[in-house]
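Order as written gives the chain letters A, B, C and D; numbering starts at 1 within each chain.
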Amino acid sequence: MEFKNIGYALLTIFIVLNYGLILQGVVRKIGARVGRRYGIRWYQPYIDIIKNYAKRSTITHGVMFYIAPVFRLTGGIGLLLFMPVIFGSDIFGNFSFAGDLVLVLYFQFFGILGMALGAAESGHPYSAIGVSRGLSQVTSFELPLTLGVIAIAMQYQTLNITEIVAAQQGGFMNWTIITNPFAAIAMLIAFLGAMGRSPFDVVLAPQEIPIGPPTEFQSGLLGVLQLNRAIFPAAKLILFMNLLFGGATNWAELILKTFLIYMWPVFVGTVFPRFRVDQSVRWFLTVPLIIGIIAIILI
Amino acid sequence: MKEDFKKRTVISPEGKPIEIDPLKDYFSDAKPKVYKPAHPIIEKFANWARANSLWVLGFGTGCGAIEMRPLMTPRFDAYRYGIQWRPTPRQASVFVVSGYLSVKTLKRVVRTYEQMQNPKFVIALGSCTINGGMYWDSYNTINRLDHYMPVDVYIAGCMPRPESLLAGFDKLKTIITEGRGEGANTYAEKFDWYKANQKKVIKDWDMPDYNW
Amino acid sequence: MNDIKTKFDITDIIEQRENLSFITIPKEHAISLVTYLRDVKGFKHLVLLTAADWLEDEEFQLTYLLNNPDEKSDLGVRVFISREDATMETAHHLWEQVATYQRELKEMFGIDFPGSPDVDKPFILEGWDDKPPYRRDFDTKQYSEDTYFPRPGRESNDPAEYMKKKLYPDEK
Amino acid sequence: MVGPIYIIAVALGTAFSLGFFKKANVKFSFAFMLLAMTFMTFISGQWLYAFLTQQQETIQIFTAGFKPPFSISLQMGFYEAVFLSIINIVGLLSAIYMYDKLKEKGVQMMMVFVLLFMGLNVVVMTRDIFNLFVFLEIASIATAGLIILDKSANAISAGFKYIIATAIISGILLIGIIAVYYYAESLYINDIINSNLSFIKGGAVAVFLILIAIVLELKPFPANGWALDVYEAAHPGIGTIVSAASASAVIFVLTKILPIVGESGYYIIGIIGIITFLGSNLLGLKQNTTNRLLGYSSIGQIGLLLTIIGLTPYLGDKTLFIAFGVLISHALAKAGLFWLSGIINSKNIKGWAAIRRNPHLLVLMGTFIFALVGFPPFPSFFAKWELIMQLANNDKIIWLALILIGSFIEGVYLFRWFGYAIKGENQDLPEFKIQWNKIIPVIIFALGLYAIGYYYSTLTGSAASLNYIPLLFILFLYAIDFLPVYIKNTISIAGIGYYLYTIYPGLEEFNLIFALIFLAGGILTLLAGYTYKGKRQGFYPLVMMMFAGLLGLIEANTTLEFFFAWEIMTIGSYFLIIRGKKSMTHALSYMLFSVGGAYLILAGFGLAHIGQSSYSLDILANVQGYAPIIFTLLAVGFMTKTASIGLHIWLPGAHAEAESDVSPMVSAILLKAGVFGLIVLMLRMGAQSFGSFDIYYALAWIGAITAIMGNMMAAFQEDAKRLLAYSSVGFLGYALFGLALMSHLGWLAAVSLSVIHFMFKTLLFLAIGGVVMRVKTKEMYKMGGLIKKMPFTFISVLMGIIVISGVPPLTGFGGKWILYNAVLDKGWFLPAGAIFFAGIIAFLYCFRLIHTIFLGQLKDEHREVKEAPFWMLLPQYIILGVIMIFSAFPNSLLKPIGEVIMPYFSDGALEWQGQLAVSNFGYWNGELIMYIVGGIFVIVFAWLWFMNRNAQKVKQFNIGYSAERPSLPETTHFAYNFFAPYKKALGFLVSPIISDFWEAVSEGIHAIADKIRRIYDGNAQTYVLHIIAFIVIFYLIAFGGSYGI
């Protein structure tokens, strides 16, 4: 690791942050157009973040509450930086030399756990309910995800993401989604849960438990969370792109692929209504689990 | 006052009696602060952002609330102006008081208003908030909202249509960009006056002076 | 109806419609009559309990409006109680929801129902410390002007006069 | 040397002369009688001493100068001396014990008493079969006399039944003797033996009658209703005599008679014995009456003795060692318990809670109970060990199983009784007073048990190397128990520390790792002990006993040492667990699972010993058959300690109810004993399978299911310590899974997870223990918001749960990473999926733990709660420091462990480049991750701080509460049934199938016991019928085959 890695990392973060924000805006715009609305401006997420940072007063419920957004954003950035973003690029390989796929999978929870703790310190029952729902859901989709990951790791005989991507080079027929469809399907279904869009968005449920865990966060704290909301999904998209869709050799490919992958939860979310938590837990442990087991058996 | 907010004595695990004064122990009793605007250039930029990101608190206070829903429908589509709903006062910046306020509701409105973060803006909707409207002589509805909290924009009518609301929002944007949206600071400056007015009508005052 | 008449001291019977009538009974017998109606005559459902302030007569009128779902008929039982000593026997043991009506009456009219659950708790008004607002000798306009900072410059008209002028400007 | 004949002379003389004293002076009479008993004891003891030390020859004494068969002949040999000593000591101490009774009833009773012992003495010594009959009669009648002299209605009725029963038995015996005399023409036993009666038609029947009569004297099941009534109704002193002295005498008679019967006799005796052993223990299960329970236990023990005697042909020259070990434990312990029952004076076993008023009495009772069940260091332990070894060596698997089952059942009711004594409600129980004459015999016998136990261990060849130093240390701690806590705590820590220091250089490999977990862990947890004030009576000897056991496991080289240590550890931990509040039932189930597990281990070791001369643990490496069975037995035995699914139900309650600093010991440290056992086992036995079915694959699944169920149960607990306890269950599931993989990485994961689990579980139990200490409740939903009051505890819990959940950058992730790689290496994907699923479920309980206790709403009562005591925090922060080091520099933990595993599994080892670990599949750099995460965190935090440095601190009700505000913290804290939707979806998985199963087993056995018990209807005629039926049945068994008449 050299000093310039830090600079490269900052560059990656900057690009992905902007991409994430624009992606957020564009997707909401698309959602609006589907609903025959004009919709927000594509750069609305930027304004929202600036607005939140421009808030003059902030309240805090305690130390954990105050640093929870830090945990959250650290989780998001870390997830991003522990992955090779652009295949074959020294600059955007970031810190992927520190750990492999397992690290990435478990590092996701760093932010989730930190956020959950902070939200809980606010003492707001809705936060706690949201966390309870969120964690319940996480546990259930993690099972098909894990099975898929094991299947892929066995397929490529490695846990090294760069090597997994390398093995998929040379045309889309080499992509995991083609070569190992069951694992890919199991993971893509789990991906729906991971993105937290409808039908698995009961965690945030704005109507009944005002947006769940972050309900007490405001001003700059919320701003940090919003930064994470831009980076974290983008990082997850990059992860799934790397594992299932052959990674990306340049930014244009990355943007195209991740955008298309993002359309998958967006479409599902537009079509399906919300599951209750117990329903989604049960659902994840039926169809996706069976697909995952098939993937394992077929290794 | 509700029984739960009166002083009480409980026994600690060690068997020692502890005095609990819920209003002191469970609520912060800090006074609101006046936050000085930042450097004009930064402030101008910030105001632009504030004006273009109006997060409305989803709190239907009176019958006018029914006029707010259509705003988000494809027909009026307030999203394109940067207006979005926010279900919690912590994250909202615009409070639309949508109609008459009984004393009981006023108490909740005040509390919610105070829970919003500076800067925050109030749009008062309908005649009732201006002069009591058709409830002007009621024993239980207030007549003038601006005696209880700073109001940035009044929208007259009974009821004003969504178009008027949009116009009101537009007006609010102008006010903010011009740097006149300092309601929160006004509230802090004239805190004692506002509090006195509130306390005059809210007889059952069972909360701290400022709800953080 | 005759049955009731013979059994109870009913003073005033108004048969407003075939299936709606009102009877008046002295305060002391009201609850036993209502109980009788509920248990024997099939008036199982209490539609409402309400009050009217007859300021001039120095009386409150309480009306228990009962419904007989089998015969699809309603019967209002009226009770007059003095304004000075505005207390009435509670009927919450007959229908649970009566307690809520009684709370409301206590708050708005100041009619007391000793023994009714939570009857002293504020119902709608929080911390009301003036005369009960539904009593006719309470001047709501005056109260509003004193309390709620009326916005100066507001004009007000008597609705009847105003509408007359608007609709029939020629008539005098 | 005083001749044995003087025993009879003294006894007779005393009995006669007592008659002259009449009621003149009762005290003097008593002294006179005592003198006589002392003299009898002296004679027998003197002979015993002579036999032991001076190569004394066996002597024959012929009365009246004739030779047999015309004279009564007595024999005094080594065995006679032993039995006489036992009988006479019991007699002497009984006399002292019964001082009050004897004084009250006067000289008659003393006469009868002396006569009884004279009878028993002669019965032992005589070689004349008719003489035997006569003195048996004398003893019986004297016994009945003693019983009846009590004059209570029950006693008279019992005495009457006793007389009827013994009369019938005597009748049969007499017929047998007459017949024998007819055929053998001699009454001298040696002559009879020589005449080989069994081969003469009719002679066999005669012999059979004698044999069955003697057996009936031993009260075999089920023809023993009369005896039970005696035990129940008679004075405890008499119960002692019947149970300890008379039974010993008759057993000896049996050994005299058996040579007459020949080979076939052993067979019958064995069957009768095992039926009696099983039957009466089974019935003991349903007993609530102390003396009757002791009666069942007595009969059971005699049954065991009969079995042992019956198995003589297989046990060979070990028979005596085994039989005597069982007998002496039985005699001393049972006498002690009967005597204690006379002091406590409670008919119902629940009433024994009163014994707690004097802790020393409790120690005595414990000594006897553990001696009865066969725990070390008592003779019965060594006897049982030898018994099992010999049975296994002779392929008597069924016998072995039956004996262990019977012993287990006996353990159930004895420990239930003991549990009542330690933990039962004792508020309203009557006082008891301790008289010197009643307590001294008890103390003497308790000490005798220890002494003989030690003597026995020196007799057991392989036990000579047993390490008694820790046990002496325990004794020392017991002696200084009156000192305040801080002194004893310091001494204990110093003791463990010094011991660790001395053995450290000799430790290597797994022993070193586990020694560090056990002993360093012990020191750490003991540090928390400084929190306690006062004396903490009895705590330190018990703690040290557990650690002594754990230490013994490490040091064990032989199977015996290992088992010895295992049992010592079990005793210590049992007492530690039962010290907690409301822990009676949990401690019982712990004990039962432990005893059951221990018997499985014993059986496993026994089978492993087949065809081996040495007892070294290495015999496991080349067992001579039964390999998969041995492996399964031992694995299941060890898994009772790791609390794998199905065997886990003891754990949550036991760990949750224990004291604050005991929970980490029993959870973080004790459970590792099971892991250590598994490691020892797997290292030596290697891969095992039933046919093509791989046992390890089953173990992997058991581990995975344990992990899921444990974690899920943890997520649904309301009780913080129960949550942690279930979490231990789950975590040991990972360890079991890792071990089952039988690969380098699997073991690396298992061992490192064990180390990590030790650390974070100690951390969490201490932290939560500190909280519980302060808030005085374990229900999590009653807490909340404690972060503001106990920030340091919060930090340790936070770190603890990050480690549990395996989130980078802390060291828990290392375990997860290795496990992933191990699984990919091995290829067991489905159980692996289950393991990782379990890992995610861990988030649920982790979050719940920290949220419901520390976050959320602070309660009224807790507004003035203080931070946990310093001594609770100190060990936590030491551990935290170590965790941080292991997190940042993973190779400091994993590399040494890897090197230990290397010799056994070398494939797929990690490659270390600094802190970068590289496996076949992936790589991981703990240090770098720490830096990166830390760096990002600091930068983001600085950014946040820069933007929001003037945040307004608010209080707990300042929340956006839908325009309202919370009114009570209780109604605002979302904590109870936290994962309700999850429970709705998956709760069916954790329905208590397993506890229901064990409950059904226990219910079923109890119901059977209840049904069988009804044969004892208290009616003398029924009892006679039983005796007759018994004779007929065994007659048919004995002669049904080749001997057909």
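Heads up, the rule we're going with is that contacts are C-beta pairs under 8 Å (C-beta built on N, C-alpha and C of every residue); 3 or more make two chains touch, one makes a residue touch a chain.
Owing to the predicted nature of the structure, the values given are computational and were not obtained by experimental measurement.
**Q** Which chain pair is joined by more contacting C-beta pairs, B-C or A-D?
**A** A-D
**Q** From the mean C-alpha coordinate of chain A to that of chain D, what's the distance rounded to whole Å?
**A** 54
**Q** What whole-Å value do you get for the distance between chain B and chain C if each is reduced to the mean of its CA atoms?
**A** Computed from C-alpha means, the inter-chain centre distance equals 37 Å.
**Q** Between chain B and chain D, tell me the centre distance in angstrom, where each centre is the average of that chain's C-alpha atoms.
**A** So the centre of chain B lies 70 Å away from the centre of chain D.
**Q** Just how far, in Å, is the C-alpha centre of chain D from the one of chain C?
**A** 79
**Q** Show the residues in chain C shared as contacts by 2 or more other chains, in ascending order.
**A** none
**Q** If a residue has to touch 2 or more other chains to count, which residues of chain D qualify?
**A** Expected reply: 952-954, 956-958, 960.
**Q** Indicate the residues of chain A shared as contacts by at least two other chains.
**A** 57-59, 210, 215-216, 219
**Q** Per the touch rule above, enumerate the chain pairs that touch, sorted by label.
**A** Pairwise, the chains that meet the contact rule are A-B, A-D, B-C, B-D.
**Q** Which chain A residues qualify as touching chain B in the complex?
**A** Within the complex, chain A contacts chain B at residues 32, 35-41, 44, 47-48, 50-52, 54-59, 206-207, 210-211, 215-219, 222.
**Q** Report the residues of chain A in contact with chain D in the complex, numbered from low to high.
**A** Within the complex, chain A touches chain D at residues 1, 53, 57-64, 66-67, 69-71, 73-74, 77-78, 81-82, 95, 97-103, 106-107, 109-110, 113, 116-117, 120-125, 128-129, 131-133, 135-136, 138-140, 142-143, 146-147, 150-151, 153-154, 157-160, 210, 215-216, 219-221, 223-224, 276-279, 281-282, 285, 292-293, 296, 299.
**Q** For the complex, give me every residue of chain B touching chain A.
**A** Touching chain A from chain B are residues 33, 35, 45-46, 49-50, 52-53, 55, 73-74, 77, 79-80, 82, 84-85, 87-88, 90-91, 93, 117-119, 184, 212.
**Q** Flag every residue of chain D that touches chain B in the complex, lowest number first.
**A** Its residues touching chain B are 774-777, 860-865, 952-958, 960, 963-969.
**Q** Inside the complex, what are the residues of chain B that reach chain C?
**A** Chain B reaches chain C through residues 103-104, 107, 130-132, 136-144, 147, 197, 200-205.
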